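Chain naming follows the written order as A, B, C and D, and within any one chain the residues start at number 1.
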Amino acid sequence: MSGYWSDILVGSKSLLTGMMITAREFFRPVVTENYPYEVPVMTERFRGHIELIPNEESGKPNCIACMACQRACPSDCISLKGSKKEGDKKKSLDSYILDFTKCSLCGSCVESCNFNALRFSKEYNLASFNKDDFIIDLLKRLEDQN
Amino acid sequence: METSIWRPIIYLVGIMAFAGVNAAYLGWCERKGAGRIQRRPGPKEVGPAGLLQPLADGIKLMTKQLLVPQGVDGIIFRVAPVIAMIPAITSMVVIPFSGNIQARAMELSVLLLFALASLAMIAILLGGWASGNKYAIISSARAVSQNLAYEIPMLLTVIAIVMISGSMNLRDIAIDQQGGFWHWNIFRFENGHFLYMWVGFIIFFICSIAETNRAPFDMAEAESELVAGFMTEYSSMGFGLFMMGEYLNIVVGACLTATLFLGGWDCPFGQTPGVWWFLLKIYILIFTVIWVRWTFPRTQVYRLLNLSWKILIPFSLVNVLVTAAFIKVF
Amino acid sequence: MTLPVELRHDETFVLNLGPQHPATHGVLRVKLTMDGEYIVHAEPVLGYIHRMHEKIAEAGSFPQFMPNTARMDYLHALAFNHGYALVVEKAAGIEVPERAEYIRVITVELNRIASHLLWWAAFLLDLGGFTPLLYAFDDREKVLDLLERITGSRLTYCYMRFGGVYNDIDDEFIAGTRDFIRRLRSRMPRLYHDLVTHNIILIKRITDIGFISAEQCRRYGATGPVARGSGIDFDVRKNEPYSVYPEFDFDVPVYHECDSMARYMVRVDEMEQSMRIIEQALDKLPDGPVQAKVPKNLKPEAGYYYSAVETARGSLGHRLVCDGGKNPYKLKLRSPTFSNLSLFGEVAEGMLLADALAFMGSLDLVIPEIDR
Amino acid sequence: MTILEQTQAALAPLFPAQEEPPAAAEPEGEEPVEAATSPAERRPGVATTEYSRQGYHLEVLCEPGQLVAVAEILDRQRFFIESIAGVDWPKQEQLEVVYDFTTYEAEPCRVAVRTVVPRTAPLVPTISGVFSGADWHERETFDFYGIIFDGHPDLSRILLPEDADFHPLLKDYMP
């Protein structure tokens, strides 16, 4: 019987405490980020899809088509072609296609690159109705940016 | 007067409008309230502060197809949502919004309200049954046992009120409490003696939450157990009507609580009474219902019945006896 | 209190709980044979998001499987990273620099707090309380921000490397972590406990529900908070210390009630213990490199290897078989919830539907980890 | 006596022929190499392994027929089952099943039980009667490798669809 009364008393008190807590929260400011109006800043290490790093002087990609990233990729997202142009010492890039539909953003490619040619982009608004939008030509992307 | 024919029409339109606006905007209030409690803004895109959200929702629901799944009882399935609305709207007829705003002051209005409240449960039972969905049937069975269990303490507390007021007319009960908050049933002083009617008020309030199937007693909907309970198979306005019915039941419950315990349209400080006071009271009560919903987790079926049979019913019985004794002795 | 079942008649029916159901937190299907609201027989049906990670592991090289580990238990991804890194390091004999070990522990424990916070939120959601979910998410968001800062992603981290971690942590992360701990410590009693733990509805709802005896735990191989809620003092971090866990002073919360409330309390207490570990690790954090020299083409010696780590849900085992090649010859993942869930059928028998769902919530299921 | 020694002692009577040589004779480093390339070549027996390198203390190689007896001994020693892993050795025409046991006791002790069966007739007795938890693990191994666990109450697909007719973790399986 004592359990009965203490249940009622302790129980009612706990319920009132709970209501007081939600009441307190009711008057506190909202913490929601107003997403499309307030755009978050991505952290420095944010792993978006990859992009090519342009050479500081020439603006051309640093990539020398060594294929390390292609080999490192666990899901075969990357296909690139390179060739040695007339008069150049190193190979340069002909095409760099990222199949983002398969990418799991693991960053193995960036890690494998020894020539400072790849980095993560800060793009996170990736949504489309068309699957083909995610087969990204990084070379073209770089040219468009310049 | 020649207005006699207009009177029912005016009231009908008035009640319908009141019911419609309430059903629509309580949804908005609930979402806003829940949002604030959870420290998010709630609906805010459609119109200023999301005020047009109910309109958008309504249009969406009305333009959608009412899916009638194969194997359901077609007629009952379609009729059940309408049945859910009837008691909610009809109940409004006898509610005294103020001294002169009341559609019909019936002698037995309390009785009528309780009869109608039981009808709301029938709608849930029919809807769940007709769906032919196992979740829906479980939900209906729960709703029935719950409503049965909670009608008893609710009625018992009301009996105490009726004994004090000596009337089953809501208008008379409200008039009996005029003249400031110390006259209200909840704080009632009778011949210098304090009647512990706040116990009855708490019991009544808990029961009204349970009767309207609101959290933490929403056993019938229990979205994490029964998906959406009796509404699982409903789409479009079938779902919409159930939702409206639910909100209207809350409004009726709040009106009843305000009339029975909080002095109806009386001003707490003994000044000019009016409909505004009544509305203020019911919206405070409705807010409390929303507040409760977004604070607590759900109870369990047998805990719920335990609460009713082991705590609320004994307490309300004692409440009736004590009240009777007070009235007899003093 | 589980009520005794009395089958008065044999009118049972089958209720398919899932694969799409709010309480299964993913695509788990439970085939319930019901008598009214009582469960006569419960059989979980798995495999709706099975992705055959073990075959993928065999197809790629050792480092190439690392991203996949985070995709099994997406709530405690870093522990899966850690477990896989440990077994390969064991096989290949790689030494991990001390700073990297500390960073691993800090991040794994942060992730454990995030995981428990999410469990707490989702459990309350199972019980019909929606508001605690958003409070917990508010705190979890802080953890995710911290982890995003150093790992670059918010959920599927892929942060560990053989012989170390991907990136070093910075001062801002350390300050942020300390802030977070302070914040959670202050919110814990006032918000979490007062609102939920001491709430009479919750106490009545989950006390004595889902009784799992210690013997049952052993027969089914249950680990983690499920076992610890049944009075078994078993935590891989203590029993088989790995990484730098022996250097820290922390307790393993054990409750003997064997019910859902006990499991609830274990997890809530574990958050506090994780915070203690993080604080100590931050205090002791040594300087040095975070990545050892590891050969590019990793070819561990042939043999059988096993390694276990403690994830938020229990003991995660990696059984690795190498044949001397650059791919894992066989990688078997022992997922904790797979074993924990196998208890469900036996325990749920005779329970009410609502209680069974509360019990299921207390097991803390993460379906991709069960299905792998 | 430590749990390790107790278990070793309890398991010893099962392998009478092979009492003497176990851990003492062979140096640990090379043993797994041999074992991995040709699992069948080692004789049945109990051997300690190097915990710091391999992550478990005791390795039991047994005939499929001895499995239930081993499991019962481990059950009496209060072990619990962690996992069951299949391994395919197509060159040797063999399938191997690796059982992992461990204990809740404070002193760590992990036991791996390995057994091999011919690839053409992969029949292993079930231990789900001893450890209820083995039920699902055996179903999973059946699912992936097609190993039949004799006496299992419900040996059906668990992770793959019910109507799957392949065993994906076999090395010669190509999707």
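Criterion: contacts are C-beta pairs under 8 Å (C-beta built on N, C-alpha and C of every residue); 3 or more make two chains touch, one makes a residue touch a chain.
Predicted model only: the values in this text are computed from it and were never measured.
Chains making contact with chain B as well as with chain C: A. Distances between chain centres, each the mean of the C-alpha atoms, put B farthest from chain A. Of all chain pairs, the one linked by the most C-beta contacts is C-D. Averaged Cα coordinates give chain A a centre that lies 42 Å from the centre of chain D.
Computed from the mean C-alpha positions, the centre of chain A lies at a distance of 25 Å from the centre of chain C. Chain B and chain D have Cα centroids lying 64 Å from one another. In whole angstrom, the spacing between the mean C-alpha positions of chain A and chain B is 49. Residues of chain C found to touch two or more other chains are 131, 135, 138, 195-196, 199, 201.
For chain A, residues touching at least two other chains, in rising order: 15, 18, 21-22, 25, 31. Contact of a single residue of chain B with at least two other chains is seen at positions 37-40, 294-296.
Inter-chain contacts, as defined above, occur between A-B, A-C, B-C, C-D.
Taken in their complex, chain A has these residues touching chain C: 7, 10-12, 14-15, 17-18, 21-22, 25, 31, 43, 45-47, 72-74, 104-108, 111, 120. On chain B, the positions that touch chain C within their shared complex are 34, 37-40, 134-135, 138, 141-142, 215-216, 218, 222-225, 227, 294-303. Contact residues on chain A toward chain B in their complex (touch as defined above): 4, 8, 15, 18-19, 21-23, 25-32, 34. By the touch criterion given at the top, residues 60, 63-68, 71, 131, 135, 138, 148-153, 156, 158, 166-167, 190-191, 194-196, 198-201 of chain C touch chain A in their complex.
Within the complex, the chain D residues that touch chain C are 32-33, 35-37, 53-56, 59, 78, 80-83, 85-88, 98, 100, 102, 104-106, 108, 110, 112, 114, 131-133, 135-137, 140, 144, 157-161, 168-169.
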